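Here come two complexes built around chain A, the first alongside chain B, the second alongside chain C.
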Partner chain A sequence: MAEKKNLANLEKNCVCKDIHFDGPIKLGKGNVIHPKAHLKSSGGPIYIGSYNIFEERVVIINERNDPLNIGDFNLFEVGTIIHNADIGSNCNFQPRAHAESDSKVQDNCIIGPKCLVPPKVELPQNTVLYGANKRRKHKPDVKMQQSLHLRHLTYLHEYLPKHNNCSLI
Partner chain B sequence: MEHLNKNNNKNNIPFPYVYYQCTCQVVSKIRRDIFFSTNQFPLKEPVESEINSTTISHFPPTHFNHYRLKSIYNLYFCPSCCEIHCPDCVKNDFLCFYCPNCLFDVPQASVVSEQNRCIRNCFECPVCFNVLTVVSQKDVLPTSASTSSITDEQNSYYLACNVCQWKSLEIDLSFDKSTGLYLQLQKKESVLPHEVEFQNLRNYYDKCLRSNSNMNSINTKRLSALFGNSSSLLISPSIISHIPDLKTKLILAKRENNQKSDEYNKTNDNQDSTILMEDELEMIRLKNLENMEELTSLEQKLNQPEDQPKFLSHLRIHRIPLRVKLQTKCNKCEKILIKQEIQKMKKPSNIRFAIKCFARDYIPNIFIQQLIPNKPLYKDMPVQVLLKFVNPLSQEIQVSLTTLPNKQNENENKSKPKIDTDIKKSAPKSPMSPIFGRRTSSLMASPKARKRGPSLKISTAPIIPTKIKEEQYKKSEGVSSCNVTVLAKNFKIPAYDPLKEFENETEPTEQKQVGIFEKKKNSVSIVVEVRPTGNVNDRVEFPILVTYSFVNDQKEVDNETPISPNYAELSHGVQKFVSFWTVIGIGKIVEENIDNNKDNKNKENKNKKK
Partner chain C sequence: MEEEIIYYDKSEYIETDSGNKISRKSVISVPQNIVLGGKTIIQQNCIIRGDLRRKGSGYAVVIGIGKYCLLGEDSIIRPPYKIYKGVFSYYPMKISDYVHIGQRTIVEAARIGQYVIIGNDCVIGRFSVIKEYCRILDNTVIPPNTVIPSFSVYGGNPGRFISELPESSQIIFEQKAKQYYDRFIAKIEEDDKKTSN
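So, the complex of A and B:
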């Protein structure tokens, strides 16, 4: 019940004006995009889901003709680069993570800091990438993660417009 | 031979570099020479005491790799014996033990009793070996109404790893309180089979020991270490040797194969049957594996040597192993080279040094300033290298350089470096510039050095390398020999004055010496001409012997007898000599492109036409 109330407050996207974007991009509901993010598509469109958070210096590039799909409730931390890669829901890309071309990241994954998703690799659900190219499966605590994510989102919706030039799309 | 070269390539030092040879390399070469000539392997001490400038000059570095040569930032310098030391020829002592997570300084008594692990609540993740954090289960479900089911009586804490997201709930481990985790863990672990076995054995041998009349011979300290859990047994395996009964029983069992003692017979039988059952179950489980993710890696198994589990669910958590702060001492004179500051509380977070004797504060630092011309190296094209010598001392130093004899000139000249008498007014006769190229005994060349040092007890004079060694050096593959000419073989470098560091340069009025490019506040740049004479893709590396001397105004106290034969007593102080080999690597010889030259000519023609 409390979650539903929270979601209702976040219908609009909070997008900072200082971002670079190019090409056809579709956003869902309630996303937050921090300044200095880059969203470029020289090929097909980019379809972004709802309630995602894109932090500073996040680069999302789509060079192929197929559309690039990003799911819901993802957190892309500072410096993430996503190059022609499809991404599911509930993922957490920690700072400076890379998803190389033609790879696919499924739901509930956690990509550790400075970790690489190799090209043309499909990461199964619930995997954690950590250290120097190590992988393991973990049991995600979905409820805890989602509630944490929602708290993050509401906080950002409240405070980001106070300190940056934002537009509510 | 090709695969050998490939292995060697890993050890090659990347260009461009200036690396130094430590005196321990010279010592090991001398010992090897003595062994080959006399078939007796000499001890270190008499050889080390014989080391002086002339002996070092006869042992240039032959292999240019990371093991034999070190960068100046990795070297130490002992001010009393005036010698370079590398991390391999230095003694280390323990200074303090600390936990890397909580930075708690552990007293040495607790180190032994707690098996080198942290006393407080610091645990290590069994999967990725990072620190575990204590998480409360109540925080997990913040807003749902079902929190009433979790009361204070139930377990509410577990450990989680932030790196690999491992949770101790995966091995069904949770705690009642957030403090005193190790005690709670010990209670749970005491039920495990290997713990039970250890406790049974310990109880049995306890009885034997107490009934034994020879109580005095047993080391009570070792006994007290037995009173822990099974992991204490791994720390000192010699405990077993102190239990008298165990030894005798093992011997008896070996001798009397037919007459087996009752106890051993029973336990063996039981173990055999149980082991077979467990093996079968494991085999079935392994066969039905879906993927490799359930299995442990070798590192994870070795971290838990008591039972070495194959499955991730059998891994247990351990406390973080302690780390150590070291103090380094010179091998010869036991002088402390590096010591960290110990205040009253011995804080491990303190990173200041009380004593630090790094080589860069005592030895002239050598840098490659410039390559004239700044193009890739071609065969037989002379290149001028500007080497900059920086003096870190607060006294003026006198530097003299020698190189290996060049290929062409080997048979003709016996290159004797000339000593400029004008500059060296302060220093009287000194055996500084070694006479290289002569195949005579170093004993003849420098009588003073001979008198000072204690004589080697072995009759042959093994300080000079034999002819075979010289040829071996030149045949090493991949390294090109080069003709190196140093014009300025002797020069002075002024002292380092911190007060004048930010002052502007004044124009020097004195005439420049031949071969010196420029002189600055405490540095001198000299010109070295190098002509690579190897094949394409050979590495151009050449050694230079640097000998420097400086004068200490204060006279040495009479109690301190000079340990090394590198001293010269003067009227107003003591002059100390230090010599070492440096290897300078510039680059690889590149194939000359004739096409490039043609292109350049075409471009020139086009420009002319315009």
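So, the complex of A and C:
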């Protein structure tokens, strides 16, 4: 119940002005984009779902002619690169994660810091990628993550526009 | 141990009274919440987030940086966040004196002690604590909530203890930090040279 109440306040996207935003990109609702993010489409459109957070230096590029889909409740931390890759929901990309060309990341995945999703690889649900040797494991539960993400979102929606030049779309 | 002098374009950097050299190309949000100790160099394309702070109004130190620090090119300093007693908030970060942060490094630590050298392309996780006299090698990933003891060398992904540092490292690191500051000088343009002659 409490979560639904929170979501009611997050109808608008909070997008900072100091970003690179180019090409046909469609945002859902309640997204937060920090300054210095880089979203660019030189081919097909980018469809971004709802309630995602994009931190600084996140790069999302679509060069294919097919659309690039990103689900809901994702957290893209500093320096993540998404290159022509489809992303599910509830994913967490930790600093400098990299999803290479034509890869696919399904729901509830965690990509650890500096980890790489190789080209043309499809990651199944609930995968955790970590370490230098690309170790994998499956995690059972994700509820904890969700509540943190929601609180993070509400905080950013409240405080980011206070200090940054933001536009609420 | 003479190393070559690093010249910078004088128009690109702002020099404050306490000797801080800050690139105009860096992104510093809400400078009121950031404290610099003096003689600190902030190089180009550095991002420092002073706007992410604890709830409540008024003045608060979000990021404290000591003296003789170096924030390399493309590095990102952002405070860590967590839920405590059901309330989400960002927490302040403290960086002590003589800390070198390499290029393209992302720092989300809670505290970094004195005389620490962090290499290039590192990721320092949320709420990690780095104690005094440490060295973090290039390309290291320190996971969240790690505590790194004094006099240790860390490296790898995930970061592991590699070796110990000698007790003399304090002097070496201090010299290194001071020398870097002295080596980092403005390029004197030829017109100025002529007028001074």
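Throughout what follows, the second predicted complex is superposed on the first by the 166 of 169 C-alpha atoms of A that agree within 3 Å, B and C clash if a C-alpha of one lies under 4 Å from a C-alpha of the other, contacts with A are read in each partner's own complex, and residues count from 1 in each chain.
Convention: a contact is a pair of C-beta atoms (placed from the backbone, for glycine too) under 8 Å apart; a residue touches a chain by one contact, two chains touch by 3 or more.
Computed from a predicted structure; not experimentally measured.
> Go through the superposed model and pick first if A:100 touches only chain B, second if only chain C, both, or neither.
neither
> Answer with first, second, both or neither: which of chain B and chain C does A:128 touch in the superposed model?
So A:128 only meets chain B here.
> Look at A:110 in the shared chain and tell me whether it touches chain B only, chain C only, both, or neither; answer first, second, both or neither.
After superposing on A, A:110 lies in contact with chain B but is clear of chain C.
> I'd like to know which partner A:57 touches here: chain B for first, chain C for second, both or neither.
In the superposition, A:57 touches chain C alone.
> In the superposed arrangement, does A:152 touch chain B (first), chain C (second), both or neither?
Once the two structures are laid over each other on A, A:152 reaches chain C alone.
> See if chain A has more residues touched by chain B or by chain C, and give me that chain.
Here the partner covering more residues of chain A is C.
> Would you mind listing the overlap between the chain B footprint and the chain C footprint on chain A?
The answer is residues 112, 130-131, 147 of chain A.
> Give the list of chain A residues in touch with chain C in this complex.
18, 35-36, 55-57, 78-79, 94-96, 112-114, 130-132, 147-148, 151-152, 154-155, 159-160, 162-164
> Within the complex, which stretch of chain A touches chain B?
So the residues of chain A touching chain B come out as 2-3, 110, 112, 128, 130-131, 134, 136-139, 141, 143-144, 147.
> Considering only the defined contacts, which chain C positions touch chain A in the complex?
Answer in residue numbers: 27, 29-30, 47, 49-53, 55, 76, 78, 81, 83, 88-90, 106, 108, 123, 125, 139, 141, 143, 156-158.
> For chain B, which residues are in contact with chain A within the complex?
Residues 127-128, 140-144, 163-167, 170, 293.
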